[in-house]
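Pasting the structures in now, so scroll down.
Below are two complexes that have chain A in common, paired first with chain B and then with chain C.
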Partner chain A sequence: MSAETVQAIIDDLGALLLFTMILIVAASQISRAIYAVAAQSFLIAIAGAVLATATGNVDLWVIAGVTLVVKATLLPWVLHWVVRRMNVRREVEPVIPVAATLALAVAVVVMSFHLSASLGTVRQAITGNALPVGIALTLSGVLVMATRKTALTQMVGLFASENGIFFTAMAVTQGMPLIIEIGVILDVILAALVMTIMVLRVRSTVDADIADLDRLKG
Partner chain B sequence: MTGERPIELVLLEMALLVLLGPLVTGFIQKLKARLQCRQGAAIVQPYRDLAKLFRKGTVQAVTASGFFRSIPVLVLAATVAAGALVPVLRAGPPAFPLGDALMLLGLLALARFLTAIGAFDAGGAFGGMGASREMTIAPLVEPVLMMVVFSTAVAAGTTELGALSAHRGTSWILDWHAADFLGFAAMLVLLPAETGRIPVDNPDTHLELTMLHEGMLLEHSGPGLGCMVLASHTRQIVTLGLVAALFFPIVSYGAGAADLLVGAGAFAAKILVLAVFLALVESSYAKLRLFRVPQYLGIGFVCALTALALRIL
Partner chain C sequence: MTGTLLMAACYGAGGLSSLLARWSGRLALGVGHLAALVGAVAGLGVSLGVLVGDQGRTLTLPLPELFPFARLTLAVDGLSAFFLLVISLVVIAAAIYGPAYLRAHSPGAGPARQAAQVLALNVFLGCMAFVCCAGDALTFLLCWEGMTLASYVLVVAGDRDGENARAGLLYMVMTHGGTALLLVAFLALTERAGAFDFAALRAAAGGLDGMTRTTLFFLALGGFATKAGVIPLHVWLPRAHPAAPSHVSALMSGVMLKVAIYGILRFAFDLLAPVAAPLPFSWGWTVLVAGTISAVLGVLYALQQHDLKRLLAFHSVENIGIILIGVGLAMILWRREDVGGALATVALTAALLHTVNHAAFKGLLFLAAGSVLCRTHVRNMEELGGLARRMPWTAGLFLLGAVAISALPPLNGFVSEWLTFQALLGAASRFHGPAGLVIVFSAAMLALTGGLAAACFAKAFGVTFLGRARTPHAEHATEVPPSMIAGMVWLAALCVALGVAPGYLMHLLDAPTTGLLHGPGASAVVTAQGPLVLSTALTASGTDATAISMTMVAALLIALTAMAWVLRRGLRRAPPRTAPTWTCGMSPTARFDYTATAFAKPLRFVFAALYRPRRAVIRETAGTPYVFQRIHYSGEVVDLAETQIYHRVQRGITVLSRTIRLRSTGRIHGYIGFVLAALFVALLLFGVGQR
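The block that comes next holds the complex of A and B.
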């Protein structure tokens, strides 16, 4: 594949990633947000495979495979399991209205494109629009975490944010050392496990969600 | 590049759109019925309904003014005029100044405004309610449609639909720019709203809690209602044609009779794809509460804005 083709494909994948991010921000049901984040991870895996064929970097194949198995299949499955286990209400509980969150997400996307446009020389070395898309994904994930009350939606936000970091790293460096990527993936798995256990324990002992834990009792 | 479209061709295309509009509605209804394991009415049922309506007499509310009678004709005229701007048989700008995609959206907005004003004029409670709902949704849909048009127009350097379609060329999804994906996604989100379908509106019901567009037609009867129904069929196929012109590839460049036939077949195929999409969405989603609709349309808004940002920044 020529460099232009790869760049075009990464650009298009970036657009689809942004679309899944918008779906996550706008989702009114937890299960839809989980499906969207699974689709996002799937797209990241495709991006990894494309870069692997382009650069001939074997590590990227491994990373794409691990992403596909862990982040696109395993983690969404765990999240769905927790949703079923907790019998949570299906609707996400936003702190501010979802429409306002969407407006903020627009601001985030435009800002990341604007900021990375000023990094002209750096950006030329980078695969297409990967840098602004990655920054936008990361920040929107943080936005989702900040504007949702339930722990599960915050987890979805964390995964989306992590996807953004992953995409940026993958496209900017054209393949980080395998050991680092594996470390990041393990990090995510551990975070998911810890948070799942936390959520379930909190729910079973005090019957409250994370948003209710805002006061310290002595 | 393609040549220009002479006036005969434009008129022929307009007539085709008006004639085929009910067929698209019939097809969607038939497909929906089959998806729900029903037999469903024949595909030509909308034509029969129209023929029946045009044979009937007219009854008018005593509170309606004289203007009320002319509303259906004006609505139909505005919608059909919008149909003239959609390239059907082949791409390329018309050979004479006609108007562009903004004109098309403006004419559709005019038709919508006239429908609403007619509903208020008749003085019925349902009409006023339907009109106020429609006018709540419309300002969320129309600017976003314009942004989608702009995100494509920035690349092509024109807002004329035929030229936009020619600029899209024959290549399919592989040649799409990143902004095209987001623009198309926005368009798919908006399509049910613009054609008055689930999850925004429900075309099959006259339940007062759910109807938007149908509520505005309640006071019309006979040929007037026929005109309004024909206008909404035409509006649907015009909107689908707009999507096809903006995002789908063109097949034939030539001007010969054979090329036009191929173009007609290609147009039918594109409309068919979009109609199947609409039927699938209608069958798999529930109608949203009215207060949820802005949130749903917000997805389209953000997608369109991001598409523009990708195109410009």
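The block that comes next holds the complex of A and C.
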């Protein structure tokens, strides 16, 4: 594969990633958001595989595989399981209207492109428009976490944000050292585990959601 | 060389002996203190070896390499050796005194507490000795921190109550703030030098510009002043020192504060001193003024204390102030030939002499207070009284210490304060305008301090030891065991020896004074007219020289006393008759005696602006307003530094945290929103910066 082809593919994948991000932000039901983030992770895995073939970096294959298994399959399945287990509150329960969140997301994307335009020196080392897309994904993930009340949608936001970091890392440095990538993935798994347990436990003992924790404040 | 190793081995063995507490707490106490005693004797040997040996000799000893980035060394030069001498002298007394005190004071202490005390004591002593011997910044800081932590353990390991824990916490917070300042000062130097040893730091400091040099000095001064308890950084001292076991109080007050003085001297005259130029004026004046304020306020607050050990702790603030007056004056005069000359040596000699003198008499006073405490279990002197008949040795030794600390001849406190006066008056005649006024004012304040200290100890001794026993605690007190008396006698002997024949000590002060000031030694300046006469030949012609012979003063005093006694015996006509005190027909009770509060009342009136005294009198009447059943009186004075500085800071922090609490909603997505906004702003700023 020539460098131009790789760049074109990565750019296309970046567009698709942004599209999945918009789906996540706009989703009115939790399950849809979960599907969207699974698709996003799947696209990240593909991007990893493309970069692996282009650069011949074996580590990237491993990372792509792990992403596919853990983030595109395992974690969405866990989230679905929790949703079924709780059996209520299928809605995402936004803090501000979804339309306003979408507007904010647009602002985030625009700002990311504007920002990376000023990072000329950094951009030379990277593949196409991957940096602004990565920043946009990361920030919109955090935006999702900030504008949703329930813990499950916040988890979806966390995964999206994580995906953005992954994409940036892959595109900018052509893959971080394997050990760091594995560490990041483990982090995500742990966060998912802890949050799942928290959600279920809080629900089963006091019948409240994480969003109600502000009542604890003195 | 071997002495240093022996010293380390002894303190190490003392620390390990805490393991013996598993079998016998008593054995652990004995062996631990014995090891400390041997270590102190070894330290004495090392320091005397350096002080008496060739001038300018530095004993260096590389330590095993613990860190890949720094070489640890010990270097004992004149200054280090002098402070090691001070430490060792007091440790000897404390080690003799300690085991019996700990057994008598807390007989119910379990082996765990005893083990902790023995371990902490030996770590404390070892670290204190090695701070002074450190040859590089890392060893210095490690030992400094070890000293702080071990003394914290000793403060909180005493009696188990909330007061001790709070005192310990305050001590921890304050001294760690100070250590942080020191860390900055040291790291700024090591970063420039690229090495940790003092020689490299000295070389690196040579290239500093004036602003940086002064900043670094004030950072170090802040750090050391916190440890030394200079007002307004003293608030931890009157709380933490009384909380520790008494022989540890003696060590903390008598010696640990001096380690901070060592640090100030080391930084000012050695590490940060400009090459062949006088120190900046701001350094010396700051130290002089801070010392004057500490001296006066320290003794004023001491006057209003009724807790015996707390009173002594405030006197440490005062004496550190007196030492700093000497240090500040030496810093002002050093290398200014037009005004200073040999006068800087006199000032430094006065400071160093007061360092060892204060260690001796403050150690003695704390040990005597500990003897009272372990027999009566009461620290408030209003509940004591009449102990002179029940504890004659303790009373006599306390009186001796009181005379010494009040700067009365012929004891050692007088000698160093006299020298400080000579230096101040000599400098006052050389500076004109405001500078001369400040020095004269400082001398006046020093005189006031001496007078107030005498008043304070008249109160402390009178209320505690004279009159009648006010409570059963004091009534059933008995004399302490001989080993405790022996510890006190050792320090008392030092007080007398340093007071009567101070000239002989001047040779020991030669090494530190020439080492620091590169000028004439102490003995050449102060004992120019022979070892029995102290003189300050301040000019080459000796025109304004002042001289005093302490030996003659002592002999004169003894002769006068003997004469008075003989005259009294000879003139007495009727034989003495013992009769009850006449009290207008009432039977005398202990309530008739002068109380400490009453004794300090006139001064409370005079200095009301400083004390801001508060009093509350509650009268319980029986039906008519003319018959009182009971009157309850309570009064207190405030510490100005505490109310004006610390309470304000505390209120500020409280208001700030309340405001933050109002803003913090407790909603997770709100917090994430804050993170997002912060990220946005950071990225935007970054983007602007890149453009």
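As a convention for this text, the second predicted complex is superposed on the first by the 216 of 218 C-alpha atoms of A that agree within 3 Å, B and C clash if a C-alpha of one lies under 4 Å from a C-alpha of the other, contacts with A are read in each partner's own complex, and residues count from 1 in each chain.
FYI, contacts are C-beta pairs under 8 Å (C-beta built on N, C-alpha and C of every residue); 3 or more make two chains touch, one makes a residue touch a chain.
Please read these numbers as outputs of a predicted model, since none were measured by experiment.
Asker: Does the chain A-based superposition show chain B and chain C clashing or fitting?
Answerer: Pair status: fit.
Asker: Quick one: is A:Met145 in contact with chain B, with chain C, with both, or with neither? Answer first, second, both or neither.
Answerer: A:Met145: touches chain C, not chain B.
Asker: Check whether A:Phe113 is in contact with chain B, with chain C, with both or with neither, and answer first, second, both or neither.
Answerer: First partner only, chain B.
Asker: Have a look at where A:Gln40 lands relative to chain B and chain C in the superposition and call it first, second, both or neither.
Answerer: After superposing on A, A:Gln40 lies clear of both chain B and chain C.
Asker: Given the touch rule stated above, what does A:Leu216 touch, chain B (first), chain C (second), both, or neither?
Answerer: In the superposition, A:Leu216 touches chain C alone.
Asker: For the combined three-chain view, what is the angle at the C-alpha centre of chain A formed with the C-alpha centres of chain B and chain C, to the nearest 10°?
Answerer: If I round to tens, I get 150 degrees.
Asker: Quick check for you: in the superposed arrangement, does A:Asp12 touch first (chain B), second (chain C), both or neither?
Answerer: It touches chain B, and chain C stays clear.
Asker: After lining up the shared chain so the two structures overlap, which partner does A:Thr67 touch, if you call chain B first and chain C second: first, second, both or neither?
Answerer: Neither chain B nor chain C is touched by A:Thr67.
Asker: State the minimum pairwise Cα distance, in Å, between chain B and chain C in the overlaid complexes.
Answerer: When the complexes share the chain A frame, the smallest chain B-chain C C-alpha distance is 15 Å.
Asker: Kindly list the residues of chain A that each of chain B and chain C touches, one partner per complex.
Answerer: 114
Asker: Report the residues of chain A in contact with chain C in the complex, numbered from low to high.
Answerer: That would be residues 95, 111, 114-115, 118-121, 135, 139, 142-143, 145-149, 154, 210-211, 213-217 of chain A.
Asker: For chain A, which residues count as touching chain B in their complex?
Answerer: Result: residues 11-12, 14-16, 18-19, 22-23, 25-26, 28, 98-99, 102, 105-106, 109-110, 113-114, 117, 128-129, 132 of chain A touch chain B.
Asker: Quick one: which bits of chain B touch chain A in the complex? Just the residue numbers, please.
Answerer: 176-182, 185, 292, 294-296, 298-299, 301-303, 305-307, 309-310, 313
Asker: Contact residues on chain C for chain A in the complex?
Answerer: Checking each residue of chain C against chain A gives 664-670, 672-673, 675-676, 679-680, 683-684, 686-688, 690-691.
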